[in-house]
Amino acid sequence: MDTDTVGARATSPDDVVRVSCIRHSYEDGTSVHLCGLDFVARRGERTVLLGPNGSGKTTMLYHVLGLLRSREGSVRVFGKDPATEWASIRGRVGVVLQNVDEQLLAPTVLDDVAFTPRQYGLGEPEALARAHAALELLGIDDLAPRVPHNLSGGEKRKVALAGALVMEPDLLVLDEPFEGLDPRSRVELVSLIRTQAREKGVCVIMSTHDIDSVHELADYCYVLKPGGEIALEGTPEQIFAHADDIARSNIRPPILAELFNRLREIDPSTPQAQLDVEKAAAALAAWGRGR
Amino acid sequence: MSHLHIPDGVLPVWLWVAGWVATLAAVTVAGRVAERVDVRRRVPLLAVVSALMLVAMSSEIVPIAYHINLTVVGGVLLGPALSIIASFIVEVVLALLGHGGITVLGLNTLIIAGEMVLGWALFRGLVNLAGRSRVRLIAFVATVVTLAVTTTALVGIVAIGGSGATARESGALDPATLRFDNPFSRGVFSLGLFSGGEDHGHAEREQHTVEAVEDEQGPDETGLSVGRFAAVIYTLGPIGWAIEALLTAWLLGYVAQVRPGLIWGGHWQRSGGRMPGDEGTVN
Amino acid sequence: MDVGAIDRSATLGTGPLRSADPRSKLVALALVLGAVLVSWNALVLASFTIALLAASVWGRLPVGLAIRLAAYPAVFALVFAFASAPDAMTASVIVLKATTAALGAVTVVLSTPYPQVFAPLQRITPGIVGDAMLMTYRSLFILLEKFSNLLRAARLRAGLAGKNPVRSARVVFSALGGLMLYAVDLAQRDYDIMRVRGYEGRLRTTPAGSTNRLADVTILVGSLVMLATSVVWRSAATTLNPYSWLAPLPALAALGLTFALRRG
């Protein structure tokens, strides 16, 4: 699959984020060059950045948040440059960064979730009401009086997410959002994020190297190569249909995609790869009966 | 020995109250100065350096009653205004953990703040004289000089307040009067109930103690011994200074090597560290 | 520094001290400090120490941890006493003053989440000081954990360095060096987070009230009794009078009673 078989995405009125060919150089001389395809994220869509360690996923997200400023290329969020005009868009953006331990700033869970509304000058009753609503949304209202650093990793992540959702953002940026979550919380969170995108029209950007769940996380994916080039884009099915291109990006394909690809090498009549266990089982069963 | 491990209630009230007043004034002024620059940039660094000092102070070297303080390192990283705030924060947390006295918190803050500011000034001054290539030597010298000066200030505080602090109670502390009489055989607590006042120590003691005690020490001889205190401090202290100075030299040398921007100004700029998760980035 | 254990005790347990109003506890601490300042009688001070232990038993606090924390300043007080006190009685008074005051502070800290302890200070200091204080406590947890990890890693890699003081000091030094770089980067990431979360220069805490009025009253009355004892004893008996041994008795009785109640 060439990078252009799926094609760079055309401009659409639903575009929330567009990043073209940025380069960031660090003090020690190394640089991350996020060129190749434009990175586009749209309203109501979950966009996933996939890539191995060191491919620049976090660097990309930091540019979107205006925490890094690129010397080349352009970054547009709601049509503005986040590095210089952050104040005008920050109320529309919710963020959970990778190390949640460091992200919880306030002394108690309730205070932390109420942090942003208070900073925006909402009255105390409204700030607290919003905080409680966000905690309830995540099903962690009972954690309200607790001190954040005593929580488990999964609980901290949920608190951080409540803090990101409290202002009902239009853009939600999540760096490795499922790390440290037990399977049940994970399923809950995946469904919560889907609801945010589908029903509230939130634009969600996530980074992950959890390949096996990409099909349930993503509406659209970007695959980064080591060193930072955006190598592939497309829906999960499009991306994982071609194992060779994926392997070149140092990414192990989802176990089901790998299974279908191996089967196809043995028997070309193998059906189209399915990334969902239920669908894969049904497809393989039907194929088996057909033989 | 950089802050007072003097328990609450040993120093005279005027001294520790003055310490508190001076500290609150200094912290207020430093806070105003610090707030003129982007606060969001300063709060995290201030908090992290204060926490770093607390981590260092949490490990005690018991035989010499010394613990690492990282005051000079903190001073160099924070500069004078933030140093004053950091020393106050450090002392508040320590006092709450039972580590230092609450009444002496003000004096302790002044000593630590003095140490940080002096360390910073000496380091800066010596760098201007000797150049940036001798960071380790400069840090070592600056630390030893700073600690010697502040230790002397500490002895000075004990000298100002120490002798007066306990002399007034000489009689009350005489082991010869420690007896276990039956309260029901004589009038309990009646004697001296209305004659209170510590100034009458000698006269009352004769009424109080049932048997006359052969103790005619004057107040001055029974006060805290500043000379002995100074002797102990100046004997044990230099071992601590040497440890602290070696550590400071090593740390500042290390930082000058890997993150020079932190020491030579510009520590508000983004450091060279990678984004978390992008540690393996290659060119 | 066992900050983790202190914090768990403050935030997770139950008991009358934890349900009391943080403000009553701080007022009580001030009264106890007053008592410690006034008294120069070793036995009266000892009775305060025992009474505070009884309070922590009553409040279901980890008594062992409280004693361990209060013993820390006692070591320094011992050095100070040895260095400056004229006699053994003065020395013991100095050590007892340190221990009692520390025990008072520790009792409050073990029963009150730190935001509530800092809140009054936050109100009287400039914005940056209060915020930095709250952030310091938070950073302290992160750094202590990192430090113990670095130390463990350094020890594992250095083999049996612990036997050799110079090498072991080197291990600690290099761990502190690593910690410092980590801390500086942490400050940068904190700044990033504060920026994206819209920090404008005030961390706020939701005030916590009392859920147990009786506990508030008990704490305040108890500390008032201590202060009164201290003042009366000092003004009435300037010497260590022959009946001083009576002072610790009620405190011991209280300690026994609270132990019995806690068991029962």
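We just call them A, B and C in the order they show up, numbering each chain from 1.
Just so we're on the same page, a contact is a pair of C-beta atoms (placed from the backbone, for glycine too) under 8 Å apart; a residue touches a chain by one contact, two chains touch by 3 or more.
Source: prediction; values computed, not measured.
Asker: Tell me which chain's centre, taken as the mean of its C-alpha atoms, is farthest from chain C.
Answerer: Between chain C and the rest, the longest centre separation is with A.
Asker: What chain pair shows the greatest number of contacts?
Answerer: B-C
Asker: Please tell me the distance, in whole Å, between the geometric centres of chain A and chain C computed from their C-alpha atoms.
Answerer: The mean C-alpha positions of chain A and chain C differ by 44 Å.
Asker: On a C-alpha centroid basis, what's the spacing between chain A and chain B, in Å?
Answerer: Each chain's C-alpha centroid was found; their separation is 49 Å.
Asker: How far is the middle of chain B from the middle of chain C, if each middle is the mean of its Cα atoms, in Å?
Answerer: Comparing mean C-alpha positions, chain C is 17 Å from chain B.
Asker: Please set out, as single numbers or ranges, the residues of chain C touching at least two other chains.
Answerer: 114, 118, 135, 137-138, 142, 186, 189-190, 194-195, 199-200
Asker: Can you list the chain B residues in contact with two or more other chains?
Answerer: Residue numbers touching two or more other chains: 270-271, 276.
Asker: Provide the list of chain A residues touching at least two other chains, using ranges where the numbers run on.
Answerer: Only 62, 97, 99 qualify.
Asker: Chain C touches which residues of chain A in the complex?
Answerer: It comes out as residues 62, 65, 67, 86, 90-91, 93, 95, 97, 99, 101-108, 110-111, 114-116, 118-120, 128, 145-150, 163.
Asker: Mind pulling up the chain C residues that touch chain B in the complex?
Answerer: Going through chain C, the ones touching chain B are 1, 3, 6, 29, 33, 36-42, 69-70, 72-73, 75-77, 79-80, 82-90, 93-95, 97-98, 101-103, 105-106, 108-109, 114, 117-118, 121, 124-129, 131-133, 135-140, 142-144, 147, 169, 172-173, 176-177, 179-181, 183-191, 194-195, 199-201, 234-246.
Asker: Please output the residues of chain C touching chain A within their complex, sorted ascending.
Answerer: 7-8, 11-12, 113-115, 118, 134-135, 137-138, 141-142, 186, 189-190, 192-200, 202-206, 208
Asker: If we count contacts the way the header does, which residues on chain B are in touch with chain C in the complex?
Answerer: The contact residues of chain B facing chain C are 5-10, 13, 24, 27-28, 31-32, 34-35, 39-52, 54-56, 58-60, 62, 65, 68, 70, 73, 77, 85-86, 88-90, 92-93, 95-103, 158, 162, 166, 169, 171-175, 177-181, 183, 188-189, 191-193, 196-198, 200-201, 204-205, 208-210, 221-226, 228-229, 231-233, 243, 246-247, 250-251, 254-255, 258-259, 262, 267, 270-271, 273, 276.
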